[in-house]
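Common to both upcoming complexes is chain A, partnered first by chain B, then by chain C.
Right, the complex of A and B next:
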């Protein structure tokens, strides 16, 4: 393999990893703080995709469509936390399962009602078309865009979690909610915010995905599977673990896809098999 | 004057009747100690005052005001800080962040307050950038007490600060509490009777979720029958 080709595959792998990171980080964040497995995460991803593409066209403005759609998906999950999750904390986990599965049916059917059940191709805006030359090889602008989006989101999350008081509260709350409350902090408000952020990230992941795969009412279910594999590989409850797992998945898919194209579709399961074989709790999972 | 009063307080945890009518008072500017065997309800009493295991009936008064119906996160704002039994220093935060998280008003610890804390626990200065998970047991205990000091709260609830500490750490904790006592009211849970009697003013002995007897610490020091009966000394 030439070094140009290697760099090219590496960049593709990273942009894939970034999409996986966007898709799974919201689920991981919500799970690590609230201990709620939000199975409707895939459906939120799908809503981010449909709503984003729709609003970009409605506003004839890419950035505005993107921002408004992800903020709305965030608000949806914040409302779900405020009115529904909150009643279930500390109770039987089965109720959470039923609730978030119920949300899947509602959200998925709503997509079909509004946009129909057919696949919808997505047109890239002009500035995302074409390629740029990187290290002597053509590279799709869209992938470059995704990469930079991922870098910005990562940096934003890092600053939020490490450099703000809200971030300290989230980190502390993941470990010990009772002590956080004993310091006079209303952690329920932080739960609502984290759900907003989780929805925001799901929407963003879905939006980015739409420009690669187009829109399909099945994408929620298939992305949920992807997300679950990533958070399990990363270690349930570990936000950092999920981020690392997402990048590894991207690398594996791109490189396995290059050498053994017929195995590409299985790449995430191959990674899962290897990681869980060595460390059953996942990369950064506890115990 | 009493800073805290509890009257016939009952608390249930997971359906179990844990506090079965606790009545006790803590005098302003004094150190009140809660004694009693393991499982007698001392920790639950502390948690009930903090609203973490809320009272199901009875009254809790702080500076004369009822607080037993308040939410847990509202209670510290009255001027009450807690050092829990498990220390509960956050392991993924640095010592500095652990202290900052406790700051209720403003963004930073006031300079003069920080000096006060470092005066009481000089070793903390060198631990600032260390994560909670990398601290020794004694260091964690210092940080847990220091964290309760950042807001100049009037009442400190401190649950077994010497548990599992080496004798030399126990002694420095005793000196620290003696210093803290000069400007705050303390309710202290302690198993170590010698430690307790050296700094306490009043005592309450708990048994089966109730107060079995109480009084001035001098009286307890001289009453070996009570010591034997309730404390197994």
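Right, the complex of A and C next:
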């Protein structure tokens, strides 16, 4: 293997890892604060993809379509939190899980109802077509765009969580909700905001994925599986763990896919079994 | 209890049983197949309910057992020429082993871990089944066909499936009302307290998973025998989703509920899906409403109506009301009497 090829696979793996990070960060954030495992996350990703592509074509403006679609998906999850999750806090966590599971049916069937059950190919806007030369090998601009999107989101989340007062409240809420309440902060509002952010990130991940794989009504279910595996490998409730696991998954999928193509579909399971065998609580899990 | 009291208490069940027993006499072949599917998925849903409703752990890969049972029976009957009954001990042993394996791998974690890992394991098994490597054994996406018939006619198969459901129903009833079954409920309600009393929580959960897995495996091999073919979708996510729908809609934590849920879901699948495509969306809305407002499922409505006058609270209210009434009326009578005299 030449070093050029190696760099090329490495960059592909990184862009894959960044997509996985975009997809799973919302789930990890919502879980770490609310302790709700949001099974409808995959469906939100799908909504982000369909709505994003639709709005970009409707507005014929890339940035506007992107922003409007992800904000709408965010508001959807915030509404779900406000009207549905709130009724179940403090009870058996099983019911929250089942509730989000029920939402999958509604969201997935709604996509089929609006856009039909067929696969839809996505036309890339002009500035995402073509390749650039990196280290003497062609590299798709689309992957660069996704890499940069991931870096921007990562930096934004870091700034939000570490440098703002809201981030401080969120971090404190992850540690101890009762204490935050006792300090006179209305944590329910923070919950709603975090759900909005979770939906926002899901929509963004779905939007990035749409230009990568096209649109299909099955993408919600398959992405949910990816997200869950990544979050478990990273350690449930650990945001950093999910980010690291996403990059590891990207690397594993790209390299296993290159050397053993028939095993590529099982690569994420292989990584999961290895990690859980060594450390059952995941990479950075606290359990 | 005398016969009469039994009849008074369970008259609805006895009537339904008689209807089910007479059904094959005047129904079409198609109705029989749908009814058999209901019986088999009823057993599958009961097995899932032992895990979800009584033990409180949500497996999202329960189809692993169902598919394993179906494929073990089918493979042994087609490739090795065993009779159906001879494959059942193998199904039981293999499903129990898989249950132990999954349990040891995942039950140590918090319940949400169990859910996610079983989901991933289910997909893993589905991929294994449809893989090119295992094609020569499992037939890949096409499944296996031409399983020899175990009984001559459809009607006989119908009675076999009905007997299977009834047997499993009463076995499950016995299990959940036995002391270990009560312990499972105690663990579900408060794991920490059960641990402090001295119960080995992991062992009890393992037992529940093994029992549930074996029952699901038997339902799977029954399904293979009825349909005379097996498909990889038996092990797919769709089967798990179906069984979750059945259990939640019917009512978890009661053995009868999942059977009713199975009837509901399968009848809707067979008859409604041809009229409008988005019946799953309506099911989703009902599902969400049930989870929010009716955690005991649709059978909860029935129990609530039946026990309206029997709950201890209501009894107390009635007692107080009677006491008040007697007291008040007594006073009135006293008043009248005094005027009389």
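Convention: the second predicted complex is superposed on the first by the 287 of 287 C-alpha atoms of A that agree within 3 Å, B and C clash if a C-alpha of one lies under 4 Å from a C-alpha of the other, contacts with A are read in each partner's own complex, and residues count from 1 in each chain.
Simple rule for what comes next: contacts are C-beta pairs under 8 Å (C-beta built on N, C-alpha and C of every residue); 3 or more make two chains touch, one makes a residue touch a chain.
Bear in mind that the values here come from a model prediction, so they are computed numbers and not experimental data.
In the superposed model, A:186 lies in contact with chain B only, and not with chain C.
When the two structures are aligned on the shared chain, A:201 is found in touch with neither chain B nor chain C.
In the overlay built on the shared chain, the residue A:248 is in contact with neither chain B nor chain C. Set against each other, chain B and chain C differ in how many residues of chain A they touch, and the higher count belongs to C. Looking at the shared chain after the overlay, A:256 reaches neither chain B nor chain C. Of the two partner chains placed around the shared chain by superposition, chain B is the only one that A:178 touches, whereas chain C remains out of contact.
Once chain A of one complex is fitted onto chain A of the other, the partner contacts of A:87 are limited to chain C, with no touch recorded for chain B. Looking at the complex, you find that chain A touches chain C at residues 37, 84, 87-88, 92-95, 97-99, 101-106, 108-110, 112-113, 221, 225, 228-229, 231-232, 236, 262, 265-266, 269, 272, 276, 280-281, 287. For chain C in complex with chain A, the touching residues are 52, 56, 58, 105, 108-113, 115-117, 119-120, 123-124, 127, 131-133, 237, 244, 248, 277-278, 280-281, 283-285, 287-288, 291-292, 295.
Chain contact summary for the complex, chain A toward chain B: residues 165, 168-169, 171-172, 174-176, 178-187. Those residues of chain B lying in contact with chain A across their complex are 50, 52, 71-77, 82, 84, 88, 90-93, 97, 100-102, 104, 107, 147.
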